[in-house]
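One chain, subunit A, appears in both complexes that follow, with subunit B as partner in the first and subunit C in the second.
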Partner chain A sequence: MIRTAPEETAGLKQGEGFLSLRGLTRRYGDFVAVDDFNLDVPKGELVAFLGPSGCGKTTSLRMIAGLAPSTSGHIVVNGRDITGVPPYQRDMGLVFQSYALFPHMDIAKNVAFGLEMRKVPKAEAAERVREAIAMVRLTGKEHHRPAQLSGGQQQRVALARALVVRPSILLLDEPLSNLDAKLRDEMRNEIRDIQKRLGITAVFVTHDQMEALTICDKVVVMNHGKLEQMGTPHEIYEHPKTAFVAGFVGRINRLAGKASGGVAEVAGLKVAAPGFNGPVEVMVRPHRVSLSTDGVQADGERHALPGTVTRATFAGDILEYEVEAGGTIMKTEAATRGGEAVLAPGTPVTLSWRPQDTYVYAAS
Partner chain B sequence: MDERPISPVLKGVTLVMFLFLLAPLIVVVPISFSGDAYMAFPPTSWSVKWYGAIFHDAQMTAAFTISILLAIVVTVISLLVGLPAAYALVRLKPRGAEALGSLFTAPLLLPTIVLGLAILLVFAPLGLLGTFQGLVAAHLIVTLPYAVRVLSTALATLPIPVEEAAATLGARPLTVFFKVTLPMMRSGLVSTAALCFLVSFDEVVLSLFMTGPRLSTLPVAMYHHVEQQADPMVASLSVLLVVLTLVVVLIVDRTAGLAKTFVK
Partner chain C sequence: MTAIDLPVAGKRPMSPTAVVMLLLLPIAVINAIGFLWPVVNLLRMSFRDSEASGALLETSGLTTWINVLSDSFTLDLITGSIGVSLFITVLTLVCSYPIALYLHRCSGLWRTVLLVLVIAPLLTSAVVRTYGWIAILSDQGLIANALLALGITPPRLMFNLTGVIIGLTEILMPYMILALLSGFGRLDPRFEEAALTLGATPWKTFWRVVVPLTAPGMALGCLLCFVLAISSFVTPKLLGGGRVFLLATEIYDQAIVTLNWPMAAALSIIILVLFGFALALYTRALRRIA
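For the complex of A and B:
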């Protein structure tokens, strides 16, 4: 399990994690790029650092790799504090967004580089290089130069190069961002398959929530250098702890309201808001909102809000509506079944959703 | 290829410009094959005897050897000094790196005649005039700025993640430099070497101040030869120098072109 461990910030003993961060912090003058980051990654798990650019996810990864200094805090791998250890002694495999292959070496030499540095005997190194290249399905390309390969192939070489040394941890820094959409999906699954097969502990930095949700065991959502939430993809998506997480992971509708006595008043609706007082934001995901023309009434089962269609978008597999309701524009989407009528703008409708799909946050 | 019509005026201007640039060659090449005893254009008879004369002129061959040796030594030292300097400026970024960079290129802004005079005044009491070491030092003043400039640019355009990748794979900083950084700078190193070699080989003004009766560089020897005699040997020599320069430039072009194919 991933968990925050504030009580252990000073403790260097092995926590539950194979990789543990203890109060990891990076300051540039007054700017705090990473603020008191605590994390435990169990052996063999793939963890995503998810967040918008500048949230500190890449800085955190670079601190783990030893490429950026930390201002304070500790990095512990398998019980060993490696905070001050230089990158060349950390035993980590790093895959970059830009591939970062050695342009002057062929594929085999690129992959062999780490083994050469570790003085692995020639015959064994050759065999491991062959296996690694086969693992990323590039057998036959051994003597090509990186520039002769496609982006996806280059990234697979980078993966083989990082893994052939059997690092204790695999770090991936936006490895798919330079690839086109179709290749990205393929590579994503390929990375996940290889990571699982090798049982290697891995950190995957991304700004793409799809990548984080689909292939990672745990997701760490970051914003402004702070950890917003950690959890399984399901927890992050279904139970976002903060308004930021709700808005960043998946799509969301926002309604402004006011809470008192455990109930929030939003556009005439009464929404359960235990523990809230003052201005709140009430959120619901577009695909959890149903749209009907029969004038559904609010009851204990569903919240309901009347509105008017302002835009309808037929996107093939889904039908999206923008509806003016509750003083704002609410979005809905539903899978198309074929044969349904697309409502014209101006059509009066009722939006409804289940109370358990409703999120309430204090307004910022 | 996009074939856009080129205006006849532009074509004309280009032709005139090229004629202007190549005019010396148009005169020098025929004269180099002259059979006359004096430089005259057009020559009245043809011969390759002046090419042969170069190699029988002890002063010229000695000066040629000195020039080649000098250019090689100056190039090697420029690389050995320029590379660490460029690395410090670009990678370690000390306080005032930009000011330092400008300072290092300052000699290029001074007229060579001023530099020559200054060097003369400083070197004379040190007994460096008319010595090979003195020539090397004087030439370094003009080649080092080029070396630092070109190598800084080459270093600044290298992708840092490639070096970081090497570090995470277990390479120590020096190993990263020799196995990754230096090979990636190959085209920059070749152009720097070629530039330093040609600048040194071509240098006349500084050399005039530094050379003496027993030690002369090829351009200075040619200059003195023309002062005293008007035979076409200098023209033949010039053609040889043009060919040598062309070879160096071709090497650079080959390397830069090759570099593009795998650096992209």
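For the complex of A and C:
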């Protein structure tokens, strides 16, 4: 494990990242929850920590907030190493999954709490509380108790409470997972709008890949405490570096094959696999696979695989097929245009896709 | 043939209210015989006239009540008992709160073990536990000997108010801890974390978040301990050694030693009234908290 010495971190230049993690590690006995996490988040960017539960994303967020100790490594904000600083001196705004609004205080008092702790003069505090409540469109609810508000409203109060203190970094821990689907889309856009308007650096933890892709500037995909890939939503989706990222972000078809001499043989297809030798996994996303009944032949332009329809699912906006091909079940999906026939199971078809939509990974 | 089942006489189900009434009847009867009737008797007794020898007369009057409410001894007794009980209640709260808070945050086997440790004293009677304190607090007791060995003259810890307060506080602690725990349901560690990230120091977090959220448990525990303290008899009797005058011990003396039953009855009624006040105060406090 490479660890950055403290003196190096102290000399970290601004511009490398407003928020920087250097070799951040958290161990519980033998279990490594977060392993040598390095990250630079430029000022004003929203970065999403994406991964399955237990991947270390929440632990990382809690270490940034100062609520969980780190075993080793450094957290640097705006050039200042805050690794040992207690949470109440870190100047972070944290929005909890459960909102954690104080049940014994009304909305205005909840929002004012952080200002009161920072000893902001009363008149200024009142004005800022009023602004913050207006920003999340809850004017008129100042004297309601949290329990009297809906989940979405509570979420907005939590956001106002975290932002009213003008924190250097906004941390969001699965803030949308307790909301229903429609409200989730609305809140996601609202959080993004507010974050952009304030130009605040933010970290958004989620296990929902759709949420991560749509809300952030950069996605950090994590698995087993390790950073798998970091990049823009486009990079993550179109150029997944690892089989895990390809499988976790978006849907994927997997074909097992064997590579030698830069070419992978999979289900009778020859797929370019530069640098691979031995067993490989070849992947392609369902919506990049076309399905035809005309018996398209493989050529330089497309890979083609014959198969038989086993299941057809008409979902209104899309038509999904499961096709037995290449010794496995391949999925395809296509937007419906209206009028197309739904193929019956048993229909022989040919699947085809472009070589650039094909991902090859060493089989694990 | 008709498709509708007409109600059949004798099979008609009882109305829900009737069922509730029927189910409440046994406990209502027990309460009437075991509580209401004795209280009525006490009330009647407190108005009976008696001779100086203690012999009860057939006539009734306000003599006893006038004595009770005008005699400085009984008035001091009442205010003193309230004061001591309040002090014990606060002391019990202060001693029990950290334990309850720790227990609330424990989980699994460790929590079970600690809970059993908290509840275990309740399995022995207060009499036995009081004798235990005598062994510790007496002039030849554990503390006195330990202090003597260190060359310090030990203070008197028994047969005075100090002993009563030490003993009662320990005896009431399990009740307080259990009451506190039952009222800690709203205390989620996320609230404390939220306060910390908002810039509250642990000290501020405790006073602004933890204490308000645990207030219902504190109110319940205080009510329970106050009521138990002011009506406690064995511990003040044994650890007070007849030198500490509290309502319950005085009632015993009046009833058994002096044989002044009307006086004992009147003082008992006063304790009941104090319970009523405590309960009213508790419900008001609870409404303000919630």
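Structural remarks
Quick note on the criterion: the second predicted complex is superposed on the first by the 349 of 364 C-alpha atoms of A that agree within 3 Å, B and C clash if a C-alpha of one lies under 4 Å from a C-alpha of the other, contacts with A are read in each partner's own complex, and residues count from 1 in each chain.
One rule holds for everything that comes next: contacts are C-beta pairs under 8 Å (C-beta built on N, C-alpha and C of every residue); 3 or more make two chains touch, one makes a residue touch a chain.
It should be emphasised that the depicted structure is a prediction, and the values quoted were computed from it without experimental measurement.
When both complexes are superposed on subunit A, subunit B and subunit C end up clashing with one another.
By the touch criterion defined above, A:175 reaches neither subunit B nor subunit C.
Contacts of A:147 after superposition: subunit B is touched, whereas subunit C is not reached.
In the superposed pair of complexes, A:326 makes contact with neither subunit B nor subunit C. Contacts of A:240 after superposition: neither subunit B nor subunit C is touched. In the superposed pair of complexes, A:257 makes contact with neither subunit B nor subunit C.
Residues 65-67, 86-94, 96, 98, 100-104, 113-114, 117-118, 161-162, 165, 171 of subunit A lie in contact with subunit B in one complex and with subunit C in the other.
On subunit A, the positions that touch subunit C within their shared complex are 65-67, 86-94, 96, 98, 100-104, 113-114, 117-118, 161-162, 165, 171. Contact residues of subunit A toward subunit B in the complex are 65-67, 86-94, 96, 98, 100-104, 113-114, 117-118, 145-147, 158, 161-162, 165, 171.
By the touch rule above, subunit C contacts subunit A in their complex via residues 186, 188, 190-191, 193-202, 204-205, 208-209, 212-213, 289. Across the complex, subunit A is touched by residues 159, 161-162, 164-172, 175, 179-180, 183-184, 186, 261-264 of subunit B.
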